[in-house]
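Next come two complexes, and both contain chain A; in the first it sits with chain B, in the second with chain C.
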Partner chain A sequence: MAQVEKQPTLGDRLQSLPKWMLYLILIVVMSIPLVFMKGCKVPGKPEESTVDLFYKLMTLPEGSTVLLSSDWTNSTAGESAGQFDSLMRILMRKNIKVCIFTSADPQAPQVARDELMVLNEERKKEGDKPYEQWNDYLILGYFPNAEGTLNAIRSNVRKAFDGKKKLPPGETVPRDVFLSPVLQNIKRVEDFQMVLVITASKTSNITIERLSDKLSADGKLGMMVTGVMGPETQVYYASGQLVGLSKGLKGVFELEQMMAKGLNNPDFATAEIRSEKYKDTPIQGFPGKQNEGKGTKYYPTLHFALGLLILAVIIGNIGMAMSRRQGVEK
Partner chain B sequence: MNFDLLKLICGALGTIGLYTVLYRENKFYRFFEHVFLGLAVGYTCVALWTETLYDTWWTKMVGTPADGTEPGTPGYWVWIILLPIGLMGYFVFSKKHNWMSRIPIGIILGLWSGQQIQVWWNRYGPQINGSMKPILPTATDSFTKPVTAALTPDQVAQVNAQVYPSQAISNLIFIFTLLSVLSYFLFSIDAKNKVVRFMSTSGRWLLMVGFGAIFGSTVMMRFSLLIDRLNFIWVEFLQKGILGQ
Partner chain C sequence: MNLFLQAQPSFWNAPSYSGELWIKLLLGLAVGVGLIFALMAAPVQVRRPIVAAVTFISGLFYVLFYFWPNPVQRQDGQLPRDFVENVGFQLEDAVQVVVPITNILTALLLGLGIYSLFRIHFRKVSKMQRDWGFSLVLLGSMFAMIIFGYWDWITTHGPNEVLMESRSNWGFANYGRDLLFNGILQQMDAAMFSLIAFFILSAAYRAFRVRSVEATIMLLTALIMMLSLMGAVTYFVDTKMLGDPRPDSMLFNFTLTEVAKWIKDTFQTSSLRGIDFGVGIGALAMGLRLWLSLERQGAGA
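Coming up: the complex of A and B.
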C-alpha cells in the first residue's frame, strides 16, 4: 500500500528554513549597513567599567610608560583590532611610551606591528610625529608559557626581558632594550604607570593571578577583552582587581564615543557623556582627530545582525506554536 | 598587478573559500583550510625563532661581537643544557623512551604546583572579600542613593559611606544568588531539607540566566568577527582595492 507523504505545514516550514538560506539572509542584512549606511549612528551610554578605563588612560602622566600585553591575532580582529587601535590612539596622543609583549601567540607581535603601521600613517595625515620603535614604543616579541612569563615579570622585569635587543633609529647595531627611553627607568613591574592586557585568551586570568597583588591596589591593571570573555572578566572589575575594563565591540564603541565627545565635557551639567564619579574632572577627549574606528563603524551592523537573530527566534517559536496547535487539533 | 592588490585578492579568495563550508563541505573549502593550516604552522615555526629563541636563548649562548660603540657580550655555553631538556619532551612519542619526557614535564608541573596557593588567593581572595556586602540599610532618608553632582567632596564621602535601601536590595539579590549557586554544587549532602532544595533549584535557574548572558555575549562576538570579514570583502577589497573608490 502506497504511503501518503505528509505535506509540511506552514509551522513546519517556519522551523525548517535551510541553513544556507539563513546564512545568506544574514550576510545580506549585515552588508546593507556596512556598504550603504556609512555614518549611521547608534546611541549608547558607556558602561561604568569602560568609563573607568577611559578616565584612567586619560589621566596617565604624559611621558610615562605602560606595559601592554597584546594577546590577540587576526582571528579576533573584529573586536581586538578596534580595542588596540583606540587604546594606542589615546596613548600616542598623550605621548605615553608603550612596551608591548605577548605570551599568547607567536603571530601576535606581527599583528601589533601591522596595526601600528596603520596608526602611524593616520598620525602622519593628522600632522603628528609617527611613533618610533625604541624612542616611543618597543615590541619585545613572543614569550611562550604565559604562567612562567608573567611570574618572571612579577619577580624581576629586567630578568624577564633580559637579552632583548632592538635597533635604535639611525643606528646599525641592535641595543639592549633597557637602554631605550621606554624601559630605561623600569626596574620593577610596579614602575610601569599601568599594565594593560588586550586579550582573546586566558592570559587575562593568568595576569590577574600573577600580577594583581602588585598592581590592583594602586589601580594600575586594566583589560580589554572579547565579548565572550566579558562576563567572566567582569567579576575582576567588580571586586576591584581591575581599574577599568572594555568588553567586546560595545566597549570599543564606548571608548571611541568618549574620545570624540569627552567625559563630563565641558561640565557635568551640559556634557553629552556624563559620569557622576568623575564630575569634578572633565576630560576633553580629542576633538578634531580621527576617533571613530572599528567600534563606531561596526556597531550599527551588529544591531542589524542581532535584530535578525531576534526575528529568527520569534519566527521559529511562532512556527513551533503553530505546529503544536495543529497537532492538538488533529 | 601591484603587490597590495594581490594581497587583497588572496585575502578575499581565502575568506570566501573558508565561508563556502556554510553551504556544504567542498574541495574549495578543503583547499583553503589546508593553506591556512600550513601557513599558520610555518609562520609559527619562524616566529618562534625570530620573536623568542634568537634573543632569549641563542644570543645568550653564543654571545655577540663588539660593533661600533656597542660592546660585545660573552656567550654562556651553559644555555645549551636547555636544548636536551626541551628535546626530551618529544620522547613522549616513543614507547621505549617515553620516561624521558617525564623529566621536562615534571619540572613544569613542579613549578606550576608551587605557585598555586598564591595564584589561587590572588585570583579569588579579592572576590571573596568583595562578596561581603551589607544587606541592611543604614540610611532611610532616601530610597535610592542621592545624586552627588552638586555636593562637596566631604558630603559625597558621607553619602558613599551609607547604605541606602535600593543598594541593600541589590546586595541582598547578590548574596542570595551567591549562596543559592553555591548550594547547587553541594553534592555531598542529601538535599531533603526544603530550604536547601529551594536554594539549590534557585541556583540552577540563576545559573541558566548567567549562561544565557554569556551565550548572548558569545553570539555578539561571533557576529563582530563576521562583520570584520564582510567589511574586508565589501569595503577594503571591492570598493577600495578593485573599484578604487
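Coming up: the complex of A and C.
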C-alpha cells in the first residue's frame, strides 16, 4: 500500500528553514549597515570595566612607559584592530612610550607594525609628530612559549629582553633596546606604568597567572579581549586582578565614545557619559581629533547581527509552538 | 661564580651578530638535530627512560620554581641569608636560562613541523598522488611566503630600518611581502574566522528551543545579555523608558545595563570560576601523569 506523504505544516516550515536561506539572510542583513548606513551613529552606555580602563589610561603620567602584549592577528581584526587603534591613539596623544611584544602568534608583530604605520599617517594628517621607533615605541617581536616568556618577564625584564637591538633614528648601527628612551628606566616589570594585553588567545590567562601578583595590587594590569573571551576574562576583572577591561567590539565603541565625549565632562551632572565612581575627576577626552574608528563604524552591524540572531531564535520557537498546538488539536 | 649570569662571557654565549655566534648556532642546531635522529633510531627500551628522565627533570624545575618561596624585592647584588633564600635566588636566576632553552625548543618544533609538512607534500607531488595539486599550491605558497618574508626582513632590518617605515621607500620585496601577508594570508584568515557567524546563526536557530524550564531560563538570560550588547537598546530602555534613573534609586536596579551586570557578576562569574577550578584540577592531574611519565603515549614509545 502506498504511503501518504505528510505535508509539512507552517510550524514545521518555520522550524526547518534551509541553511542556504539563513546564510543568505545573514549576508543581506549584514550588508545593510555596511553599505547603506555609513556614518550612522548608535547611542550607547559604557560598561564599568571599560570606564575603568579608560580612566586608568587617561591618568597615566605623560612620558611613562607601558608594556603591551599585542597577541592578535587579522582573524580577530574586527575587534582587536579597533582595540589596538583606540589604545594607541590614547597612548600616542598622551605621549606615553610603548614597548610591544607578543608571545601568541608569529604574525602578530607584523600586524602591529602595519597598524602603527596607518596610525602614524593619521597623526601626520592631524599635524602631530609621528611616533618614532626607539624614541617612542619598540616592537620587540615574537617570543615563542608564552608561559616561559612571561615567567622571564616576571623574574627579570632586562634578562627576558636581553640581546634585543633596534636602530635609533639617524644611526646606522642597531643598539641595545635598554638604551632607548622607552626602556632605559625599566629594570623590573613593576617599573612599567601599566601592562596591557590585547589578545584573542589564552595569553590573557597566562599573563594573569604569571604577572598578576606583581601588578594587580597597584592597578597596573589591563586587558582588551575579544567578545567571545569577555565572560572568562570578566572573572579577573570582578576579582580586582584587572584594573580595567574592554570586551569585543562594544568595548572599542565605548572607548571611542569616551575619547570623543570625555568622562564626567565638564561635570558629573551635565556630562553625556557619566560614572559615579569618578564623579570628582572629569576627563576631557580628545575633542576635535580622530576618535571614531572601527568600533563606531561596525557597532551598527553588531546590532543587526544580534537582532537577526534573536529573530531567528524567536521564529524557531514560534514554529515549535505551532507544531505542538497542531499536534494537541489532532 | 653565578652559572646563570648570561652577561658573563663563557663557552655558551657569544657577542650578538658575531661570526662566533653563527658558528655556535649552527653547531647547536647540528647537535640538536643529531640528538633527535639518534633518539628516533634508538630502541624503545632505551628511548623510554631517557624521555622519562628528561621530562621529569624539566618538570621538576617549574614545580620548584612555583612552590619554593620566591624572593621578594630582591636588590641587585643581594646575597642570600640562608639555604631557602639561596635556592630561591638560584631558581629565579635559572629562569632566564631555562626560558631561552624552552623558546629554542619551541622554535625547533616549528622547524620540525615545516620539515614534516614539506616531506609529506613533496612526496605527494613527486609521486602524483591523489589531490597532488593542492599539495603543490601549499608548497608554492609556503616557499613564496618564506622567500618574500626573509627578503623583506633583510631590507627592513639594519641601516634602512627607519627608512622602511614609510611606504614611499618600499621596493619589490616589501610590496611582495605586503601582498602575500596582508593582501592574501591575513584576509583569508579573517574570512575563515568570519564563517563562524554563519554557523552560530544556524546553530542558534536550530538548537535554542523552549523545551524545558531550564532551557527557558537560559533563553531569557541569553536574550537579556544579547540585548545588553546593543547600545541602542540599552539606551532606549535605560534612558527613554526608565528615564535614566540615578544610581541611588530603586529603579536603577531594573535598568538593562544593571540587570545584565547582575547576571554577569552573580551567575556568570561564579559559574566560570567553578568551571575554571574543574579544568584546573583536571590539568593538574594530567600534568602529574605527564610529568611522571604515567601517560604511555607521552613517554614516547
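Assume the second predicted complex is superposed on the first by the 330 of 330 C-alpha atoms of A that agree within 3 Å, B and C clash if a C-alpha of one lies under 4 Å from a C-alpha of the other, contacts with A are read in each partner's own complex, and residues count from 1 in each chain.
Rule of thumb we're sticking to: a residue touches a chain if its C-beta (ideal position, glycine included) is under 8 Å from a C-beta of that chain, and two chains touch if they have at least 3 such contacts.
Keep in mind the model is a prediction, meaning the values are calculated, not measured.
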Label the relationship between chain B and chain C on chain A in the superposed model as either fit or clash. clash
Identify the partner contact of A:151: answer first if only chain B is touched, second if only chain C is, both if each is, neither if none is. both
Go through the superposed model and pick first if A:64 touches only chain B, second if only chain C, both, or neither. neither
Under the stated touch criterion, which partner chain does A:193 make contact with: chain B (first), chain C (second), both, or neither? neither
Classify the contacts of A:43 with the two partner chains as first (chain B alone), second (chain C alone), both, or neither. second
Going by the contact rule set out at the top, does A:35 touch chain B (first), chain C (second), both, or neither? first
First, second, both or neither for A:133, with chain B first and chain C second: second
Quick check on the superposed pair: does A:240 touch chain B, chain C, both, or neither? Answer first, second, both or neither. first
Taking the superposition on A as described, I'd like to know which of chain B and chain C A:77 touches: first, second, both or neither. both
Can A:309 be said to touch chain B (first), chain C (second), both, or neither? both
Can you tell which stretch of chain C collides with chain B among 58-66, 76-84, 256-264 or 274-282? 58-66
Residues on chain A lying within both footprints (that of chain B and that of chain C): 19, 23, 26, 30, 75-78, 107, 110, 143-144, 148, 151, 162-163, 165, 172-173, 227, 231-232, 235, 238, 250, 276, 302, 305-306, 309
Show which residues of chain A lie in contact with chain B when the two form their complex. 19-20, 23, 26-27, 30-31, 34-35, 75-79, 81, 106-107, 109-110, 141-144, 147-148, 151, 162-165, 172-173, 175, 205, 208-210, 212-213, 216, 226-228, 230-232, 235-236, 238-241, 247-250, 268-269, 276, 279-280, 294, 297-298, 301-302, 305-306, 309
Parts of chain B lying in touch with chain A, wherever the complex brings them together: 22-24, 40, 43-44, 47-48, 50-52, 55-56, 59-60, 67-68, 70, 111-112, 115, 118-120, 122-123, 126-127, 129-130, 147-149, 153, 210, 213-214, 217-221, 223-231, 234-235, 239
So, in the complex, the side of chain A touching chain C is made of residues 17, 19, 22-23, 26, 30, 42-45, 47-48, 73-78, 107, 110-111, 114, 117, 120, 132-133, 143-145, 148-149, 151-152, 155-156, 159-160, 162-163, 165-167, 169-170, 172-174, 227, 231-232, 234-235, 238, 250, 253, 276, 299, 302-303, 305-310, 312-313, 315-317, 320-321
Help me check something: in the complex, which residues belonging to chain C touch chain A? 6-7, 16, 65, 92, 95-96, 98-99, 102-103, 105-107, 110, 157-159, 161-162, 165, 167, 181-182, 185-187, 189-190, 192-194, 197-198, 200-202, 204-206, 208-211, 219, 223, 226-227, 229-235, 238-239, 247, 257, 261, 264-265, 268-269, 272-273, 276
